[in-house]
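Note that chain A is present in both complexes that follow, paired respectively with chain B and with chain C.
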Partner chain A sequence: MKRFLLIYLAFFKQQLKCLMEYKIDFLMGTIALGIQQISTFLILLAVFTQINAIASYSFNEILLFYGYSQIVRGIDHIYNDNIWSVGWGKIQDGSFSLYLTRPINIVSHIIMEKIQFDGIGEFLLGLIIFIYAKLQLNLVFSLGDHLAFFIFLITGLAIYFAIKLICASIAFWTVSSGELMTVTYEINSFSKYPLDIYKNVVLKSLLIYFLPFGVVSYIPMAYFLRDNQSIGKVLGFSYTSNNFLIMLTLIITIIFTIISQFIWKLGLKKYNASGT
Partner chain B sequence: MFEKYIGFTQNAIKEIYAYKFRMFIWLLYDFIFLFVEYFLWKAIFTANGGSLYNISISQYINYIAIGLLVTRIARCSIDFDVANEVKSGNVIMNLLKPYSYIKMNFAKHLGYTVGTLFNMIPVLVLIFILTGFKGLTLNITLVFSISLVFSFLIGFLFSMSIGLLAFWLTNIWGLNLFKWNLIAIFSGQMIALNLLFKIAREGFNNLPISFISERFLQFFFLGIGYLSYLLPFQAMTYTPSGIYTGMISGFENISFHIILQVFWLVIMTLIVNTMWKRAQKKIVVMGG
Partner chain C sequence: MITVENLTREFKTYKKYEGFKGAIKSLFSNEYTIKKAVDSVNFTINQGEIVGYIGVNGAGKSTTIKMMTGILVPTSGKCQVNGIVPYEHRQENAKNIGVVFGQRTQLWWDLPLSESFGILKQIYEIPQEKFNENLAYLKELLGLDEFFTTPVRNLSLGQKMRADFAASMLHEPKVLFLDEPTIGLDIVVKEKIRKAIKDINKKNKTTIILTTHDLDDIEEVCNRIIVIDGGKKIFDGGIKDLKKNFAKYRSIKFDIRHNKYENINKLLEVEEADLIVKEEENELELKFHKDKLKIADIISKIVNIYEVRDITIEEPQMEDVVKEIYSGKIRN
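On to the complex of A and B.
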């Protein structure tokens, strides 16, 4: 672990130098991701000048969902961006072989190699929106709530990680999986609104059980805002204890992590075979 | 005159179909996009009793659906190719050959777009099922087609100008992202522009942010609306979609939007030509 951190620090210093090299590009990227946030905010603002609730959710409640989803997305964007390069060409041009020659775990090496500073804007705006909405809703977290929040954040990041790893691993078979990754990743933008507003069972189940982006942002915020009954309707079954939601999130996270590790290892074997 | 460019177009189409898996994935994405947008806007409009600022739910869903087609036609990623060629220095090779670099890129882009549209046929069928041909007269169809061609050309020229910027800035990744997001807001792709003006004019039923007054919000939306008309993006998406759905109607209104498209077409052509001339001089300086 200590070794891991030391290497990470060394990579981090290099990254900072790169950042200084392309200042304008960094600035543009950060502003661009900020604008992306603002555009969703604009839609909500425009709509809520006429309506006071969509599917029982008020403006501030929807902002809470949105802000939180952007926090998770932002953190993921900052630390886990290099995995894209596996799908977008590292396997195609063979530069993936480099990782095999290094004495570090391959996945940790990929993560360390790039820190995407552009994600900071995304993260900060998400945080501001989240805190604003939380204050407006007079939502006060108890100690248990803080713990739950922390668990949700970690599992959310783990689910992102697993989904991205699975999509990237597909490239071991198809040579390039960048499009698949992009499309899968873009689907997460549909989970920035509470899932109840989509009046379609297929869509809701898809976002919870198949591509669990709903578990990343819907379940955590619904946990704080809604009762068992209305969440049960979205999940497709009823339950009694509120802690069940945390269990469900953990179970889904573990399942997806195992699947992703399995597919990744399987793909790695395939790559070895074709490389020699 | 154009014969020598046809090869580039054909190659681009073949290139698109070389990756069938990729095409399938994009097709899937379009379906999901339409699916989700449909349910999202349906929820929004139903929450307000079926209409928002006198725009009916069916008109808005028409707008979203046809918007997908229009965006695909106006979308151009040639800037990515150009910037890569500039970065790697391969752009030099194109100067040695007996064709115009810009026309060659246009031929390529034409090929990509034709290929993409062909791949989109199943989605197009869904779009036409969703929108129907309600109230679509021969005249409107004609004007819509013309404005679609204009938006295709403006999209290409705009992208070309961004790509050529790589001669002065080495990395255009951030700029590219910037471009997509500006397009998303100011082209009317996310909110129909007439909705912005309606918000600015009509009274609110609800004040989303308690400490920001209605007047200020109206002024804010009016500002975005006007800004959209100062930028070229509305000519790329809003004009064709608006004409198709009847959000832009009446002889005067339609003419105004078409003239605006012609204006941007001329301006963008001038910009691209000037940039390309300057860029060529820059290559010579670097080479010498």
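On to the complex of A and C.
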């Protein structure tokens, strides 16, 4: 672990230096993402000038979901961006081979190699929106709530990680899986809003059990805002204890982590190192 | 140090049909062919050897190297590097080996060498003292100082190659794999790399395996050659043996006083394929199949006819040997 941190630190220092070198690139990236965020935000605002609530969610509640999902997405974007390159060409051109010759874990090596500073804007904006909405809703977290929040955040990141890793691994068989990764990743847009607003049952269960982006942001916020009954409707079954939601999140996270590791390892054996 | 036993790697290629219709057909067909890139290869390499691994493009050189470095998993057979099975204990193996791919840099594009080396130091857990020592040595050996703080993307091919070479040696690996380390380089840099290979081999008793198409690399650096063709090992031995085995033709030059333009093929009773005659002013050059003709016979017959001032017998050239191998003649 200490070794891992030392390597990460070495990479991080270099990344910062590179950032200084590509100042304009960084600025453009941050501004572009910022504009994207703000426009979504403005659409939300416009919608809520006309109506008071969507599927019983008030403007501030929707904001809480939106802000929280951006926090998770932002953190994932910052630290776990380079995994995209596996689907987008590293396997195709064979440059993936290099990682196999280094005495450290391949996935950590890939992740450490790039810190995506563009994601900072996404994260900060999400954080601001979340805190604002939380204050407006007079939502006060107890110690247990803080702990739950922390568990949700970690499991959310782990789920993002697993989904991206699975999609990237597909490239071991298909040579390139960038499009698949993009499509899958974009599905998480649905999970920016509470899942109750969608009428489609298939979409809801898809986002909980198949591509669990719903577990990343819907379950955590619903945990704070809604009761068992209305969440149970989305999940497709009823339960009694609120702690069950934490258990469910943990179980889904563990299952997906195991699946992703399995597919990744299977893919590594399949890797055929194209190029000379 | 390295043992390779019946090492085989197959690649599956799906059958592709031509044209647009063909593309659709390929999409739904499941036909494939299996190609053995490496086919039951066996060899053992001892510590301190410099082995040239040669063969035509697509003969299976890189595939073998990739299995020894843990990049590829063999279809069957076994290989061990330092007692470690590379594709089973990849990380452990990686600590003991250095790898250079001539066509691909292992350095970080945006970072200067100095910083890349700093990261490698952490990755390979090189103690500070050893790092400083090795760095000073490699800087001197490869002349890295002039571009040590330039970002890698701004380096020339020659500089990048030297840098890559140094990067693979920082952790003092016991085995060094060089996949076409001199490709595309100018003669001066080539010399530098060759010198470095020999130097490191001498200093640390590093076992080195290199693939190359450059004949001078082979002659100057390697003390053993393994030739692979169509995935199969066809030769394993020293350069002298290689020449003896594969150089079918030798040549002999006579310095003559008067040209006579005799039909020497008739004289020696051999076909034209086995004896190529080139007679120029005051010079007669005979290139002959070494199994079909004896050098003594040739000389005695020629001396009878021509007035010979001098005779030079030429050693078989590496170039001829390699040409022979590459043209596929020795496959049978």
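In this text, the second predicted complex is superposed on the first by the 271 of 276 C-alpha atoms of A that agree within 3 Å, B and C clash if a C-alpha of one lies under 4 Å from a C-alpha of the other, contacts with A are read in each partner's own complex, and residues count from 1 in each chain.
Going forward, a residue touches a chain if its C-beta (ideal position, glycine included) is under 8 Å from a C-beta of that chain, and two chains touch if they have at least 3 such contacts.
In this text the structure is predicted, and so the values were computed from the model without any measurement.
In this superposed model built on chain A, chain B and chain C occupy separate space and fit side by side.
When the shared chain is aligned, chain C comes close enough to touch A:G94, but chain B does not. Contacts of A:I51 after superposition on the shared chain: chain B is touched, whereas chain C is not.
Of the two partner chains placed by superposition, only chain B is touched by A:I24; chain C is not. Geometry note, superposition on chain A: angle between chain B and chain C about the Cα centre of chain A is 90 degrees, to the nearest 10.
Once the two complexes are laid over each other on the shared chain, residue contacts for A:I104 go to chain C alone; chain B is not touched.
The larger set of touched chain A residues comes from B, when the choice is between chain B and chain C. Contacts of A:Y271 after superposition on the shared chain: chain C is touched, whereas chain B is not.
Shared-chain residue A:L6: touches chain C; no touch with chain B.
With both structures placed on the common chain, the touch criterion links A:L143 to neither chain B nor chain C.
Once both structures are overlaid on their shared chain A, chain B and chain C have a minimum Cα-Cα separation of 8 Å.
Residue overlap on chain A between its contacts with chain B in one complex and with chain C in the other: 22. For chain A in complex with chain C, the touching residues are 3, 6-7, 9-11, 14, 17-18, 21-22, 94-95, 97-98, 100-105, 109, 113, 269, 271-273, 275-276. Residues 11, 62, 66, 69-73, 90-92, 94-95, 97, 99, 101, 103-104, 106, 108, 110-111, 115, 118-119, 121-125, 179-180 of chain C touch chain A in their complex.
On the chain B side of its complex with chain A, the touching residues are 19, 21-22, 25-26, 28-29, 32, 35-36, 39-40, 42-44, 47-48, 52-53, 169-175, 177-178, 180-182, 184-185, 190-191, 195-196, 199, 204-209, 217, 221, 224.
Listed in rising order, the residues of chain A touching chain B in the complex are 22, 24-33, 35-36, 38-39, 42-55, 59, 118, 174, 176, 179-180, 183, 186-187, 190, 193, 197-200, 203.
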